[in-house]
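Presented below are the structures under discussion, each in the form of structure tokens.
Two complexes come next, and they have one chain in common, subunit A, joined by subunit B in the first and subunit C in the second.
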Partner chain A sequence: MADSGVTDGAVGKDGIQQAKIEGKELTKEEKQRLRKEKKQQKKNKEKNDENASKESEEKPVSAAAPTPTQPSQKAPSAVPTPASLPVPVSEPQPAKSKADMKAGRRARQESERASKKKGDAGQPAATGKAKAAPSELQPVVKRLPEHVQVDNPDVLKKLAKKLEKQQIPLRLDYGHKVSLFSHLHQYSRRAPLTQQIGIPSTVIHPAIVRLGLQYSQGIVAGSNARSVALLHAFKQVIRDYTTPPNEELSRDLVNKLKPYISFLNQCRPLSASMGNAIKYIKKEISNIPSQCREEEAKSKLLSCIERYIDENIILAAKAIAKSSIEKISDGDVILVYGCSSLVNHILCEAFEKKRKFRVIVVDSRPRLEGREALRRLVQRGISCTYVLISAVSYILPEVSKVFLGAHALLANGYVMSRVGTSQIALVAKAFNVPVLVCCETYKFCERVQTDSFVSNELDDPDDLIVTRKGRTQLEHWQEVPSLGLLNLVYDVTPPDFVDLVITDLGMIPCTSVPVVLRVKNVDQ
Partner chain B sequence: MPGPDKEIDLTERIEAFLSDLKRGGCGTGPLRGSAETARETTSLLRRITAQPRWSSAGDLMEIIRKEGRRMIAAQPSETTVGNMIRRVLKIIREEYARSRGSSEETDQQESLHKLLTSGELGEENFGQHFSALKANVIEAINELLTELEGTTDNISMQALEHIHSNEVIMTIGRSRTVEAFLKDAARKRKFHVIVAECAPFCQGHEMATSLSKAEIETTVIADAAIFAVMSRVNKVIIGTQTVLANGGLRAVNGTHTLALAAKHHSTPLIVCAPMFKLSPQFPNEEDTFHKFVSPHEVLPFTEGEILSKVNVHCPVFDYVPPELITLFISNIGGHAPSYIYRLMSELYHPEDHEL
Partner chain C sequence: MELQAVLMAAGGGSRMTDLTYNTPKPMLPVGNKPLMWYPLNLLERVGFEEVIVITTKEVQKMMSTDPKMKPDVKMKLDVVCIQEDGDMGTADALRHIHSKIKTDVLVVSCDLITDVALHEVVDLFRAHNATLAMLMSKAHEFTETVPGQKGKKKTAEQRDFVGVDESGERLLFMANEADLEDGLSIRKSIMRKHPRMHIKTGLVDAHLYCLKKAVLDFLADNKSISSIRGELVPYLVRKQFSKTINCPNIKDDADDQNLKMNDGSTNQELVISSRDEPLLQLAQERSCWNDHRGDMSEAYHGGKLRCYVHIMDKALCYRVNTLAAYIDANRLAPKLFEEPAVHSTAVISERCQMGSDSIIGAMCQVADKTSIKRSTIGNSTTIKEKVKVTNSIIMHGVTIEEGCNIQGSVVCSNAFIGRGADLKYCLVGNGQRIEPEAERTNEVIVGTDQLMEI
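Moving on, here comes the complex of A and B:
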């Protein structure tokens, strides 16, 4: 076990160090002790700094000056500065009374708690929005998610600290990044995160470890598949969970889930659908009444998750298939791109209902997901044609409709989907072929985005090297300083290319997405 | 005897050229560039002209047409061959007209005046024999060959007029003309190039390696990401296989998508094409326009179970309509697509459009 575990900087006690190396979870007391020591160190350091600057300040400032500054320092500020507050308050201590000190400490705690709440809300959910009442248009303070701020060293430091606390290893970026995308992570598939944690890991539930590995190696791919896998893994976690003494299930379980979510985020950035699912679970957990027994609470949560999957994924697919079949007529030639579970489901259902149509599957390097879709459709007996995306303007004159799947629908009407979707929509528009996007409502997202650069995912650049003939001469691209490879995963399609969005709530135009979001929020 | 030996030699050369053509353009990208094909064709035609088998211009043109038809039949998609033949035929007509003493312009185009005044002359039959004709024609073909050798350099010389510093330029696949163009500009200016790899043959990879060796910042992207990155691109510079008579292009597959994306973002699309790629064909013929190669490039035989149940297409070329093109850069300068018809009328005679 020598190489496993989080190798920390020397913090202090050997016991804690040993426990960390072995990958054991630190007990609560040890964690508190660590935190206190760190705070003490920081205080000492700041005190020294303050003393050094204070000496030069002290002479011109009169003795009366510190007293009027005291109440302003003690006043609880909306913007918390927990680190700096202790220092100025600790200095004019002899002048203050004990009651004043207590008030100051209480104010500090309040501000710290407020800052922690804000920090929590900004975590896995991609938007990081503070809870606003849906009926009012409150100004929302959005915090940028960490995974689009890779070029900011402060954000990286904060992330490293957070992961250290949760005992999750930090995944390192790989290879030379194209300068336009220096704000995003780029990982290599050959270095999965699980190599850096010990097996068996007692910090992370094994179901989550397996899930993280499946995500990072691309074994579980596709928006729906990832969400369903996530929810099943959480069900397993809840089943194996026992409330520690003196803790409430509603608060402790949420805290337990946080490191798991960070781990999964490190393996592969969370998708919009996963973010919505996690938000839902957290809300359900925190709504568990405190007098509920553990068994009852657990079964309630499990049934909630079951219902979520049922309503939002399975039944939604059925509803969408029903509406889409009206749009498919006999003799149609339908073009699909890549492998969307929903679009495949629709086509299979339409084929069962004895519609006569044929399908053209368009595929693209390097993922070549279209082959999977091709296999599924051919198995059902649908007649298919297969081309690569560069041949789409050759094949499009034959096509009567284009069906596309979506990863997420953004609040300004843009469709976020696999890279290449916007290209297909563009060429279809040029040839006047209708484009229909199929998307469940749980994938609707409050973010807005206008181009594919600001928020995206960079896949392993080595995937581009492998062609059908084996590796090409790009194999040694790392050695050439002026050569870069770019493997994007998502792109956004502007709403003017999309003619219709088919959802479980009906058929809507692209621009009605914020209306649906509002309706959903009011319902909840 | 030198005569028959030379003839046999020539026939052998032609046969070797034909079989090379049949193999060369087999779809893994041209193993030879179009410039070499043009040069080889022209030198072969020069040799044919040097033979003593003909006595008048008409005979020579008949011989060249016959050989030309065989060459075109060997590889119909290689239009440079046909273009060179038409150029040589035009040269022969001009030299004939000059030897006859009549000025060149009157024989060029059909005009109402010509119809009315020279009605009784009937058709030109090119029957007269001129002794200096052979030498003149061979000299003119030599000039054509020199022009062919200088095309890439002439195009690259214009690079600095079109590329400024800190630009992002996009290209697709591999074109030797564009490569030389960009390398020439890189000597003086710093810019960034994005290369779309152009599946399934991924010729973009070779282009990117070659450009990065010349210390140009290059990025390789997959074809699917063309629209996604287009918003950051300042210019799109591409090469082409053929320039059609209406100003459209027959280029490598994926170029139409690239052109549409550029139009959507109002990015100028510049085509670097030397004059020998200009062809008097129109894109109307659906059957003869497209060329397909083996579908196992797209769906390999390892997918055997489903292979028999699906149709797989692997087209090589794409049609790009002239509305999407901003500028043509050729060895004689820059032109708009609407000017191509004029250039064509200068290069080829209307009666040679159908060989």
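Moving on, here comes the complex of A and C:
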């Protein structure tokens, strides 16, 4: 499960801490204890030094825990924070420990900066900033990201204010939402965000406007494609960037990127892979030494981006293809779902290595992405069968393996992928057919989710409307008050249904995802 | 910067010489605003801050003195003057300002009156990384009677054949009836790629184009192309399906292709490329999107040169290049802006009957017992008593004496209509005098110097 254990000294308070993080209901005594401690901390404001030093001790330990609160400060909408399930529990908490959280976060930031620069300046800064720093209680209450709190008017107001400051227009929701998903955004493709920005866009770089438009219209779709396109656009931004006088490139460029990321988020919610790519770029930018010249810094960033794409997408695909080919034997009947660029790549490579197999492509409405997968496979010469997802249980007796692509792999081993994937995995499990998920490691994300309701994406409901024989039955669906059209994009598959995950680090079971994440964090 | 706006205001108005022989077309008043105010207003509303205006010296002089242009247009106008002899086509003009163009270009014609949502055209240009994006509109029938027209001359002389694909956005074929003497022939390669094509003839080209910078560089090298609409656009539409663009590695066939293309002296090829081309390719490859289905090719059939068109049907779109269009535009243009129908400085006596769909310009003087219905009265016009003006366009500085009856006519600037004159469906030229008690029906009254011009 959520491996966010903060192992610390004091037992009692740590127990509360543990409970908070795991999201269990706090018992009455624990709540009383919390209240008493808060009062004590307010009295102990003067004892900064001891607290600060204790803070810095806890920092390396707590930093290991999913550190979404930090990046969430910088780019709340970009990075998906662990959206823990029990919403009612976490809500009363922020009110109480906001000051503690802020102080704790600041102190943590300072110490990390200090450890980066290896300077002594870090410590006294931490002492200065950590006002009411609670030494024992580590306030790691996770804030819910904005995009899953759409039915909360305060959150919306905050978002509107933030966008106004960045001069990005707010995209309005469209149509009646199904009540179970009323906490998510639902946009219409016919009302693009470009309606509200001036035509020669001055606030947003033209490459980003083009990218946002391509996202919202679905021209660039698919996790890998979106990340590559994002990095391509960032390359243009970096090329056209000039440092204003009296500013440092490392800080100013990051600030420049923030409104762009908000804009892209408004066009279409960011994917996990994009979030990781953004995190990487921001880190690279802030790591640029201040004495570096602008030209040098820019070329360094450009080469970093190219290297990232090379390593994490192109070479990873090659490595995954190599491992998967071992799993494909002659005479296999492979089932694939939708259009995953990675799975298509694997199958084409296997075909070139002269393996004999045939493919069954399963497709679903309204996107009908399977047709594109079908075209790519048939173009290579692979013999394919095409069915809709309603026929999956009829066709599964023929299937020997199922290859699925993933949008993201969550920290608790759940696989987030196109809606319908969990269905396929479930039916395959019922038929005892092995399910293999192919996913690059840069798509691993530290979020935890056990169902598809908490965090998802709602696509344009008008996509579900179809015209047959000149009649469009659902044309006036908005006038029927009890009717809601739901066009979900993602769903999560539990690890029990997945037999193997093929990554560029090797073939791992689903439950090893947090290990990979931890290894990656340590590397960085 | 994303787009630079260029306004072509050097056109001669060759199809309405009666109106334009004294006033250049960009300054013709429509709803009491000069014609070029409308596209400038459109650009300003959308968010442009600078426009390059290509025009003649005469128009530039008039622009600086016109009361409407200065306060209303807040954008920075970079006026480039060219010769008035009319030999310079629109593409030649673009070549002339090539040094000023640093990025993609939005070319607008000065005679376009529209309230289109410009982002629809520009979005096509952005989203598909198109080389050309243009605007077209379903043609409206002109309902008003045109003064001076003898008999029904309603036939569309030169139709445009426009071929679009199933989605209605990709431009596949464009030709004018004049070029299709042997009939309409469509290449097999186009049919193979787009088996379903809709060919439309009732469309009006709004002369609003988004062009990539590479096209302007190409224009600078190829001096044989002189008109955007007549030559450049059909060339680009044809080039979409040419083999040289799609297969850059087949360089030896390039010469054969050039000869086959029959494009005269186009020596330099149009090269569409972007920075980080391989990365863009990679993103497109990995994306599970295709713009067509049913055949084995990738998105856009692998072509880099793409032309798109946005066809609007409901909104207002007029190209004021004929007299009929001018009259219709005068009727409908006021709906585009919310200015009061009667200018504040106009002096209108109380016993005047004024319809709500009429516009009175600045410093007008309208006397008693006049009746003004469905008309546009220009600035500084004097209308004496007992005048009936119906369905007419009166330009600036006109004096109309008592008892006149003007119906369905166009009276140009500084004309003088004597008392008791009765004009029906007439066009009174600039500075003309109509003698008192004259009765003219369906006539074009212009000066003798105009008659001498050819």
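One rule holds for everything that comes next: the second predicted complex is superposed on the first by the 377 of 524 C-alpha atoms of A that agree within 3 Å, B and C clash if a C-alpha of one lies under 4 Å from a C-alpha of the other, contacts with A are read in each partner's own complex, and residues count from 1 in each chain.
Note that contacts are C-beta pairs under 8 Å (C-beta built on N, C-alpha and C of every residue); 3 or more make two chains touch, one makes a residue touch a chain.
Note that the coordinates shown come from a computational prediction; the quantities given were computed from them, not determined experimentally.
In the superposition on chain A, A:Val378 makes contact with both subunit B and subunit C. Contacts of A:Arg210 after superposition: subunit C is touched, whereas subunit B is not reached.
In the superposition on chain A, A:Arg33 contacts neither subunit B nor subunit C. Contact with subunit C, but none with subunit B, is seen for A:Thr194 once the two complexes are overlaid on the shared chain. Once the two complexes are overlaid on the shared chain, A:Lys158 sits clear of subunit B and of subunit C alike.
Touch criterion met: A:Ser393 reaches subunit B, while subunit C stays clear of it. Touch criterion met: A:Lys235 reaches subunit C, while subunit B stays clear of it.
Touch criterion not met for A:Arg355: it reaches neither subunit B nor subunit C.
371, 375, 378 are the residues of subunit A that lie in the contact sets of both subunit B and subunit C, per the superposition on chain A. Across the complex, subunit A is touched by residues 1-5, 46-49, 106, 117-119, 122-123, 126-129, 275-276, 279-280, 282-290, 293, 296 of subunit C. Per the touch definition, subunit A reaches subunit B in the complex via residues 178, 180, 364-366, 371, 374-375, 378, 383-395, 418-420, 422-423, 426-427, 430, 451-453, 464, 467-468, 472-474, 480, 482-488, 491-492.
Note for the complex: subunit A touches subunit C at residues 192, 194-195, 197-202, 206, 209-210, 213-214, 217-222, 224-226, 228-229, 231-232, 235-236, 239, 309, 313-314, 338-339, 341, 369, 371-373, 375, 378-379. On the side of subunit B, the complex with subunit A involves touching residues 197-200, 202, 205-206, 208-209, 212-213, 215-229, 231-232, 253-254, 256-257, 260-261, 264, 290, 297-300, 303, 305-306, 309-315, 318-319.
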